[in-house]
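These are the structures in question, set out in turn.
There are two complexes below, and they share subunit A, which is joined by subunit B in the first and by subunit C in the second.
What follows is the complex of A and B.
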């Protein structure tokens, strides 16, 4: 049976529906963001850019910029360690031979957990009194390094990032391991014949050849930092004060707890703009670099 | 077509017809009650079962379709309901809190009046007046409350207080004095236990401070936006007193929830804590004895002892599919027998005046019940009972930030700005309506 244009349309229809629905929702969110909707039931009262003004220059300015600053901290502090740890582990697994079978699931295990579990677990570990981290420090005689961790407004965001690095390293490792396995084995052979050490091989053979994987890993991790929510909710609830709030958390609180639906939608739009502003140039830049 | 084929065809048609009609027949035969609530924790779930059992006994033909949604104070449930109500698929009843929280559903036209049940059960006479006020909007009652939690308890470690010959404080000043004594004689004991990881316990502590320094009138006015925060002295005084408490708080409060610190308080690692009566249930479950390990007193006693109240309530959603079941459910809640049995397990007290104080097996709840009947009842700010939920969310952020950097002027600015943005005064008119 020959396929006709009608068949193509038929099979594309579900996809089209999904795309329409997704972009439809986005359009709806943009519409709500320009609406003075407060309370449970929809209030269609055009508000122009009023919600954005409240956020960027009005009463919610400090809160918005705290969230924004925390998202940027996530962006800067979270991605590099996660990606590089993932790469180290992937190369390590490639080197250890058969032990890989035992080790790989071990490193992969954290991504199988839900964030709520990770958050609860790490909140226990960070507990300043009974937590394993401070107790370990005290046990090995480094008690003066014990910290209040998540109870310290200045440290708390970094503690959350620590938990996220633990959870996402396995993810980065998987992608890097696939990239390393994808490389022709001859290159490694050649490096060995030339007398390169494992470190030299890593530096001069592996790193230059995993560019594609890096692009995907970093792009995905950027998206993670922009939508981080669960860990904040479970571990600190945005606190102490609002010191660990991030944009998605702020959006949730404004929309569902405070029922400032219009303002919540405006925050969503800001997150969307931020995602496009960060991911698109990055993808463009790394693709050009890879083609060069 | 062979005989076999014909038979097969009939079989298929019959099966299809059965499949389509069975649910309809079943539904016609059996009434349903689709219910959403947030009582999921150990004791709460069993307490809910008491109501279910009574309901089924009275309405044997109605099937309860139970949808518990975990999350204290109904944070998560509200998110779920928001979608269902906007999509016009309301359940037959759901849980809310009387007061500002309930008002949100009324404002959205998502709930219908319950005046018929209110009148039939003579609740004007059987419930305290303030309960009537907290369910009345636009001249009608919109919810049926069935239990009250008291938010202003001071729990303390009995052995520690005996050892240091301390008497339970009756004002915040006495609390500070007791904390000072504990700190000087037992440097390893945190005088005041508090866990602010979930933020809201900070509000419990502030609330008793405001009640102690300003009294209940100032309390009601503050949370309904009737005070000019910057010029009226009440809030400034309370914040200054709150600041004096900070050096005596458990230092890592930001890393703990309230339930994390109840145990250490009963163990004697911490001295006293301000929290609702629900802490009693947790302590008893963990094996700590009232009168031996811990004790609790209503707090503060001066200038006036009040019952700071949180009220669980069920409503009649507009356009509910099984209106008779809803009415039967709400009526069942007002039964003093049901309220008594339910509240013993739930760890709160009944609202119906016919439930005697001796219903409760423990001292704390007997005292709560006595206070409820004899002292002034003040709606708590918590979970949006008195203050609008939008403000409460900002308020707990302001207070927890204050605990880390106690700048009274900044806090007053933040409160003013939040009250303005959250329209506290405008949306609290219901409380002052005659």
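What follows is the complex of A and C.
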């Protein structure tokens, strides 16, 4: 029985064509980023690095740096709490015995929702006048803690991140729970026999053994921060002012609202550079593991 | 050995956090069933006094084209992406050749890069094909964007099928095409289900592509319509929540009834 070249072509051709097309489109984006294309129809007018100069040092500098700063805030403030809370919950689930079956989906279900649903829901949670959070605070007599939340430019990005933490903690938890379940049970037995408390076991047994899962969680969450768009669109539309704009949002507005296609492509290239720094090592690492 | 009392502490702590995590879902469902009068009283955490199903009628009036379009785009796009992807997944997992690793590597990068990077050329491509603002156009876009992912995940599921099975089939004169259709697909059907669930929910929940490529009530998918509904029904939380519930229904139903496969797809999607 022969596995011929024809079979190879038959099975692999669709993926190859699609992947080549995707890379072609990436190259196209890079080409457009060096063009002075404004308006709907393609304009091929070579502009060198002009778009990047406009973004990094010219008229759009302040706007770009607001987006970059917000992406940086997302990177720090979203990932650390999501990953650590996920790990904490995973360890908790491992300890509560059979209740795990009931509890696990209650933390994981938000990942099944669209960011648009999450945004609709949380925009209301955070509404300054008629929001659920302020309402709850007033109800339990903590009305002085009420905040303008997403209407406060200094607070708004953190509010968006709060919604994303809610959505992604269960995802991190599930990856960590799988990692904990993959550990040999004897380690936990040994720790218990040695009289280790839960906290000590967590610190000295669990944490050193979930590095692998942490790599996956962190890589995936970084990618979430590099494409966060829906949540910003739905909850604040970049506002108040431009205070919650992030690169993917700025890219969309520049391209599809203001029709500065060249500028939009240049922002895409910045996203590409940041994403490649994560995706290429991750792809390399996955390939080595799966093909080993 | 006696169970330490710490389990009770953990249980209480986890239970409390679970309630906190449920609060948004509860407020969504509870308030989607309240009357405008109840909403105006701002007692959002109280349960509804009755079942105001008219909210859903109003929300459905706005969302119905979007929900139909999302279904008619997500189902065929998922089927096509899983079919085309599983061919490559079969190849990558079973038939080693010199460039397997290169293909795998290239497909992984294409899978994980943010859509923004190909958004402008993709829009242009669909405009050139006169498919912009149509369902077939959205299907094409989603098949392109999801087939690499489908290939990688099906490859990881196919890898768990023992190699002996293929050798035995080959001895009986079963060629690769027959092996793929008659043996591999049936044996790996739960893996395929997980892959399909992941891709379907990804497409259903996606927002960027339809926002860039469609406009007008009749062509939009559910997510941009819901985003629009939020603007048009400002402060009318009961209508907004009914709309949000309708939009999240298909993925939530899958999550509740096919949870195991949802989770296994989610995990496989990270190439864990």
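Everything that follows uses one rule, which is that the second predicted complex is superposed on the first by the 265 of 292 C-alpha atoms of A that agree within 3 Å, B and C clash if a C-alpha of one lies under 4 Å from a C-alpha of the other, contacts with A are read in each partner's own complex, and residues count from 1 in each chain.
Convention: a residue touches a chain if its C-beta (ideal position, glycine included) is under 8 Å from a C-beta of that chain, and two chains touch if they have at least 3 such contacts.
Treat the numbers as computed from the prediction; the structure is a model and nothing was measured.
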Subunit C versus subunit B on the shared subunit A, clash or fit after superposition: clash
Which superposed partner A:109 touches (first subunit B, second subunit C, both, neither): second
Contacts of A:123 with subunit B and subunit C, given as first, second, both or neither: both
Partner chain in contact with A:240 - subunit B first, subunit C second, else both or neither: first
Contacts of A:260 with subunit B and subunit C, given as first, second, both or neither: first
Touching partner for A:19 - first (subunit B), second (subunit C), both, neither: second
Subunit B versus subunit C, judged by how many residues of subunit A each one touches: C
Partner chain(s) touched by A:168 [first = subunit B, second = subunit C, both, neither]: neither
Partner chain(s) touched by A:42 [first = subunit B, second = subunit C, both, neither]: both
Subunit B versus subunit C as contact partner of A:284, first or second or both or neither: second
Which superposed partner A:52 touches (first subunit B, second subunit C, both, neither): neither
Selected from 63-71, 99-107, 261-269 or 387-395: the stretch of subunit B that, after superposition, runs into subunit C: 63-71
Contact residues of subunit A, present in both the subunit B and the subunit C interface: 42, 123, 256
Touch list for subunit A against partner subunit C, complex: 1-3, 7-8, 10-12, 14-16, 18-19, 21-26, 28-29, 32, 42, 89, 92-93, 95-97, 99, 103, 105-117, 119-125, 130, 132, 135-136, 139, 166, 169-171, 174-175, 178, 192, 197-198, 216, 220, 223, 226-227, 229-230, 233-234, 247-248, 251-252, 255-256, 261, 264-265, 267-269, 271-272, 275-276, 279-280, 282-284, 286-287, 290-291
Complex contact set, residues of subunit B against subunit A: 75, 78-79, 82, 85-86, 104-105, 107-110, 196-199, 251-256, 389-390, 393-394, 397-398, 400-404, 417-418, 420-423
Subunit A residues touching subunit B - in the complex, by the definition given at the top: 38-42, 54, 59-60, 123, 126-129, 131, 148-153, 156, 236-243, 253, 256-260
Interfacial residue positions of subunit C with respect to subunit A in the complex: 1, 6-7, 10-11, 13-15, 17-18, 21-22, 24-25, 27-28, 42, 44-45, 84-85, 87-88, 90-91, 95, 97, 100-101, 103-110, 112-122, 124-125, 143-144, 147-148, 151, 155-156, 159, 170, 173-177, 180, 201, 204-208, 211-212, 223-224, 226-227, 230, 235, 237, 240-241, 243-244, 247-248, 251-252, 254-256, 259, 262-263, 266-267, 270-272
